[in-house]
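Chain lettering (A, B, C, D and E) follows the sequence in which the chains are written, and residue indices restart at 1 in each chain.
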Amino acid sequence: MSKSITAKNLNVYYGDFLAVEGVNIEIAAKSVTAFIGPSGCGKTTFLRTLNRMHEVLPGARVEGELLLDDDNIYGPGVDPVTVRTMVGMVFQRPNPFPTMSIRENVLAGYKLNGARMSTSKADEIVETALRGANLWNEVKDRLDKPGSGLSGGQQQRLCIARTVAVKPDVILMDEPCSALDPISTLAIEDLISELKKEYTIVIVTHNMQQAARVSEKTAFFNIAGTGKPGKMIEYADTTTIFNNPSNEQTERYVSGKFG
Amino acid sequence: MSKSITAKNLNVYYGDFLAVEGVNIEIAAKSVTAFIGPSGCGKTTFLRTLNRMHEVLPGARVEGELLLDDDNIYGPGVDPVTVRTMVGMVFQRPNPFPTMSIRENVLAGYKLNGARMSTSKADEIVETALRGANLWNEVKDRLDKPGSGLSGGQQQRLCIARTVAVKPDVILMDEPCSALDPISTLAIEDLISELKKEYTIVIVTHNMQQAARVSEKTAFFNIAGTGKPGKMIEYADTTTIFNNPSNEQTERYVSGKFG
Amino acid sequence: MVSGDKAGAGLDRGFAGLARFAGIGILIILAFVAFFLVYNSWGAIYHDQDGQADTASFHIGEFLSHAWPLVIGTVIVSVIALLIAAPIAIGVALYISHYAPPRASRTIGYIIDLLAAIPSVVYGAWGMTFLAPTLVPFYGWLNEYLGFIPIFGGAPSPTGRTVITAGVVLSVMVLPIITSVCREIFIQTPKLHEEAALALGATRWEMIKMTVLPFARGGIISGIMLGLGRALGETMAVVLVLSSGPIAWSIIQSGRHDTIPSNIASNFPESRQGSVHWHELIAIGLVLFIITLLVNMIARWIVARHKEFSGAN
Amino acid sequence: DDNGDGGNDAEENGSTTENGANGGGEGGEAGGDLAGAEDVSGDYYGGGASSHETAMLEWIFAFEEQSGGAAVEYASVGSGNGRSGFLSGEYQFAGSDAAMSSEEYEESTSQCGPDGAFHLPTYIAPIGVAVNVDGIDENLNLDADTLASIFSGEITSWDDEAIAEHNEGVDLPSTPITVVHRQDNSGTTENFTEYLEQASSNWEWEASGDWPSEITSESAEGTGGVIGLAADIDGAVTYADAGRIDDNFVMVNVEVGGEYTELSPEAAATAVGASDRVEGGAPNDMAFEIARDTEELGAYPIVQIAYTIWCNEYPSQEEADFAQAFAAYIVSEDAQNLASDLAGSAPISDELRDEALEAISQISAG
Amino acid sequence: MSESTRTKTPTPASVDGPAGALQEEQDPTELLRPNSLTGNIQPRWFLPACAAAAIVLGFALMVLFADNEEFSINWALWFIFAAIIHLALAYFITLARINRRKATDMLWRNVIYLAFVLALLPLVSVIMSVAIVGVQGLTNAGFLTSDMQGINASADAGTQDGEHGVLGGIRHAIIGSLIITVVATLISVPVGLLTSIYLVEYSQGGPLSRAITFFVDVMTGIPSIVAGLFGAAAMTTFLSLADSIGLPVPGRSTMGVTAAIALSVLMIPVVVRTTEEMLRVVPNELREASYALGVRKWRTILKVVIPTAISGIAAGVTLAIARVIGETAPILLTAGFATRVNWNPFEGWMTTLPVFIYQQFTRPLHPTYHDPSFQRAWAAALVLILIVMALNLIARIIATIFAPKKTGR
């Protein structure tokens, strides 16, 4: 229930615009990896290529190889929908389905795919997922209320529960806390430490402290200027990146000289 | 051409929701003040009360006094439109008027009153403002192109030029660099150091390094949790806030323990 | 392992195909309508001499002399309707989006939408029994003081059943259409730009002039075009209100002007299918169809011309 | 309610024969082989001229009462549409202000058997010229030439000499004349302009259902529309189905053969009696060519004949039975009197009725 | 600069006209900068006071202009005078007290208020016209529960003689309206909705989508009578085709469905346009959330996008229904005219409320006594308006029930 990720010479384009260039990275299973870097350097773009979510955007395409364990998800005959059932994603702004109750939101991955299951089975999935997202105690009495009635932090955890419920191998998170208050942020960070026992986690954050707190490895992305492609500058253990980076750009960034 | 700001016991509400509580602050003329704090703590909300821009949002209202030099901008008979000609604002996302050329964007404030002015006078204003915003050299050959054709950083400087052109007393900036790449960010930061010679500047930033780089004084805001009001926790010289904060929350925040 | 399930992907394609087919279906329906019109219009310009068989020849001039006064009449009525309705509709839309108290604006929008729901027969009856007589003194006044302008010349109608009354009734009918389109667009003006204007010290009107109106220009035009479409095609209200007749300069005389739809409605019941007259009626229907086509093309062209400086990005 | 009258009459009439129905009764006298109303059931449709509408609604109701459960609908879609609908098989019968053209008759032979369709004159309606002028309280006398001049807009005032000439001793006001005409294409306009064209040399336009577009004046939709509008205008003159003209108006007595004939059903019937038939239709056809320029004393030549058009051969026996029964009913004396009472039409004469019943008896199923 | 400002004397900035023109070369910033924080705003009571004054003055002017002989209130003239005075008064007082920018703002604000009032006038007038006569007709016994079978000139003559009240009703027309509209909706909504789905979710601005968008616009301009002609012709052709290949088909093309098809031609473009808008405002985040769960696109559209937009779609469909439920001309040509209830859209004629209104209005049953027919017509108009209002209301209720719940704080 957890896979490694390997990118080989990955380029990402929006139409003709090369947004991210030549990424080579190996992400171990059951680890937390953080992507950091200034705005516009392509963190989100690269993250979305890990489950082919970029294909939803018009004109976005990829060159290179991306292996999930040993399978190239860009290989011929691969169905992006299948990839996404294996690689889940949590977005920057919490986005529970506004028309569904909390319970339905958690079951969305099943229900939307038309799966039928017994109530007891469903109850079990809901409870497991919500417990996994540290949300069970807060919402167990109002599972039939709309998910959008929760606070931002709770909504984000609901989105995580929804992702966890379908038991993916990898969970991608794009700045999951940037719209949340500090208490909620703390709750999510705690949750990430829990989740890594079972899942491979990749998290984008603009908050270096957060990266330092939650991740084992960190990748630093940078961009030379508007219109230039983003690049992965350095990828190493988090402690190395923050205390002893080998690249000068990384050093300037983590020390707050820019960004 | 620069005024001081004094808030006395300022509460800001959205409808019944108290978003910011009891702010007391004195901001000197011709200085740069930074507001920092976690997301949702009310930095933007408070900033907008400084030129009554919050009134644009439905239900937003203020209790308390806010003095511009000696005049209470919430006093009876005060026209918010007048306040805003004195206190300019730059927003998080660059927002040049899409239907106007670069030149027209800079002159937008003058166009308002239908002021007739000679072309030479207008040229002068445009050049001065664009030079003031460090943008002149980049755009002087294409003043009649739409402002939306510029890069994000250039657009943001165009917005600053537009604000500077009407010669306000105070300039408010709400995370002016958060949507910009590092090069553009640097340009804006340089610009701020220039501008403070003539204007009182208040800047909100989520980037502590930026606060440290540009500001003389820093105010730290915090929030106890979702639904609670935001409060100003500490206000002091920037060096004090970052190196020797008197409040424990501030210390935890600037040292990256949360946020 | 990651290769997908064929059935699911097939369903996906099937649904996409269905949606696409519906779109094409609309084009087909329209093609049928166009074909129906063109096919049946042919008899209007190519037909036998009166009563004599086997003498078929072209009668284009004849048809045109029949059609052009109707085209002019239709245009006049629609232009009057738009000249009145468009400014008021924009005003009302601005009132709802930027002036009315936020709580009241929904209700007000609902009330204005109600106007759109009143059937045209009712408008016709209202225009004929109430509005036309009410406007008679006003036409007298126009004629007395502005009679030197040809459009207000001639003997003013004693009944008020004039082309301008028809225009006023149509303006009431198209007003809610234009209003609701404009309102939607005005509301969507990026807050970012509105706030930029306000932060520069703009008054409410200056903010509207600077951001809302330029942003909404395309929407306003398409709203007006939608209204124009309704005005061009309106039948019963014109039939009931207008005392029709030949084309003239004056718009305050009755027994002048007629519109295409009203002419079709008035003549269709007595025309025998397959007769030249019947073909002529279908052919002027085709003319109206072409007019709406042109109007739409022009509107699109106007909207596209301002693309570079539009608020679309 | 008061429609019981029709039923009562039917009983009186029908008492001579076994079937209690009107049409059947009459039919019995004529040929004895007409289907009776009580044998008819099912849904039947007719459509066409609106001039028929008032009478038709009366007839339908009375007929349905007598029938064995028939439901009849009549749509006033206009004569042209009525004939089109009839020829395409939508309707079992059509109502029309004008007779079929020769092409239409041709077409009907494919729909209605080898003999095609035939016309029955079922509604003879005088067209009144109605005047609404303050100060004129009695019928005006006018001749065709003056009428033509008035309606073409040449005479613009009620005290014009040409009018005064015919009305000695009447104090004519100087009110301007407002002509009100039908805006829609109509049989009334066609008959009226045909009269003007044939009876006067002052009328330069061809007869048509469309008012000549060169003459600009007030217009309104439908008979009700012109009456309503003319009633609101001092100085208005219009032409309309006489039965629909109310007492807001005075009428025009038309000069025929040197005398002024007042409008009446009898005068209208006299004009019809003086008219010729249209040739070239079915053997049992009864279409008229009305003599507009007749000089027969007591004839009122501005008259409109609305026909019902029937097939000589229907696809099914039910339809043929219905056609026989209903057609026989509407030419019956009761039906004609009912229409005359309510709509002011002229009942058809007994000779016409007999001829009609003979024609109706030709209807068969194919 | 704040001390120089408390003066009440007009500064160059607030003076318009010749003096202003001479100042052309002054520093533009002078014009822009207000002199003080206070005094740049009209008090709250200013507009109401201005309006009151204008109404009084307008009345006086109207009296002045009116014929002295017989005095009567000329509402139109009063309104026009009051409006002009109000605009002028507010403008010039603001100009004198504050400055030109504020005065312009004031002027436009009043113009916009006025536009709103102007738009309400015809609405009130129409509704009053309909309601006053309509309510009377509506109270006639059996008006809603009976049809027009057997109601003819004799019946109205009976009313005239005082034998009974106005007879007849609109049950058949209500049923006809509902059936035809429902069938038209059943045809238009799936086609329209699928098309807008294609436009929003699938097409990426290709030629097909541009063609569809353009021709949908064109379709909104099809005159309703042409749609009626087309519907009748299409059904006739279809029936003869179907008949020739031996399908069991109705013998007559005049029936409810034919009318529904004609109405669909008018309805589809409205449905496409409104639902397209509604689908476009569904946030992309929701689609992405669904895709990220491994949900296929068609399921995402059906189960996430459409439910989220359902309230807007419902409102759009209601608008489209309101657009066609009032049509007269196409119905007369396609569904005929019936006097009794017909529940079957595939057989026999039908009447709808607008046709009924038109018929009663232009061809009253009784040749000379029109009151009963007019009463029926206005009452039917009232019922039609009420039905449309109810539809609107239902759409709004649907909207609130299904509307995505707002984040509650």
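Heads up, the rule we're going with is that a contact is a pair of C-beta atoms (placed from the backbone, for glycine too) under 8 Å apart; a residue touches a chain by one contact, two chains touch by 3 or more.
Which protein is which chain? UniProt says A, B = Phosphate ABC transporter ATP-binding protein PstB; C = Phosphate transport system permease protein; E = Phosphate transport system permease protein PstA.
Here the structure is a predicted model, which means the values were calculated and not measured.
**Student:** Moving only to chains each one touches, count the minimum steps from chain C until you reach chain E.
**Tutor:** Minimum number of steps from chain C to chain E: 1.
**Student:** When you check each chain against chain D and chain E, which touch both of them?
**Tutor:** Where chain D and chain E share a partner, that partner set is C.
**Student:** With centres defined by CA atoms only, which chain is the most remote from chain B?
**Tutor:** The most remote chain is D.
**Student:** Taking each chain's centre as the mean of its CA atoms, which one is most distant from chain A?
**Tutor:** Centroid comparison gives D as the farthest chain from chain A.
**Student:** Write down the pair of chains with the top C-beta contact pair count.
**Tutor:** C-E
**Student:** Which chain has the mean of its C-alpha atoms lying nearest to the mean of all protein C-alpha atoms shown?
**Tutor:** Closest to the centre of all protein C-alpha atoms: chain E.
**Student:** Could you give the separation in Å between the centres of chain A and chain B, each centre being the mean of its C-alpha atoms?
**Tutor:** Here chain A and chain B have centroids separated by 33 Å.
**Student:** What whole-Å value do you get for the distance between chain C and chain D if each is reduced to the mean of its CA atoms?
**Tutor:** 39
**Student:** When the centre of a chain is set as the mean of its C-alpha atoms, what distance in Å lies between chain A and chain D?
**Tutor:** It comes to 84 Å between the two C-alpha centres.
**Student:** Two or more other chains in contact with one residue: find those residues in chain A.
**Tutor:** Expected reply: 81-82, 86, 151-152.
**Student:** Specify, in ascending order, the residues of chain E that touch 2 or more different other chains.
**Tutor:** As it turns out, chain E has residues touching two or more other chains at 32, 101, 104, 296, 333, 361-362, 409.
**Student:** By the touch rule stated above, which residues of chain C touch at least two different other chains?
**Tutor:** If we look for residues of chain C contacting two or more partner chains, we find 8-9, 12, 201, 203, 206, 240, 265, 268.
**Student:** Go through the chains and record each pair that touches.
**Tutor:** Applying the touch criterion to every chain pair yields A-B, A-C, A-E, B-C, B-E, C-D, C-E, D-E.
**Student:** Across the complex, what residues on chain E touch chain A?
**Tutor:** By the definition above, chain E touches chain A via 204, 283, 285-296, 299-300, 303-304, 307-308, 310, 402, 404-409.
**Student:** Which of the residues in chain A come into contact with chain B in the complex?
**Tutor:** It is residues 38-41, 151-153, 178-186, 206-209, 212-213, 222-227, 256-259 of chain A that touch chain B.
**Student:** Okay, in this complex, where on chain E does chain B touch?
**Tutor:** 2, 24-25, 28-29, 31-34, 36-41, 43, 100-101, 104, 409
**Student:** In the complex, go through chain A and note every residue touching chain C.
**Tutor:** Within the complex, chain A touches chain C at residues 68, 71, 73, 75, 77-83, 86.
**Student:** For a test of understanding, state which residues of chain B touch chain E in their complex under the given definition.
**Tutor:** Those residues of chain B that touch chain E are 17, 68-71, 73, 75-79, 81-83, 85-86, 109-110, 112-118, 121, 125, 166-167, 226-227.
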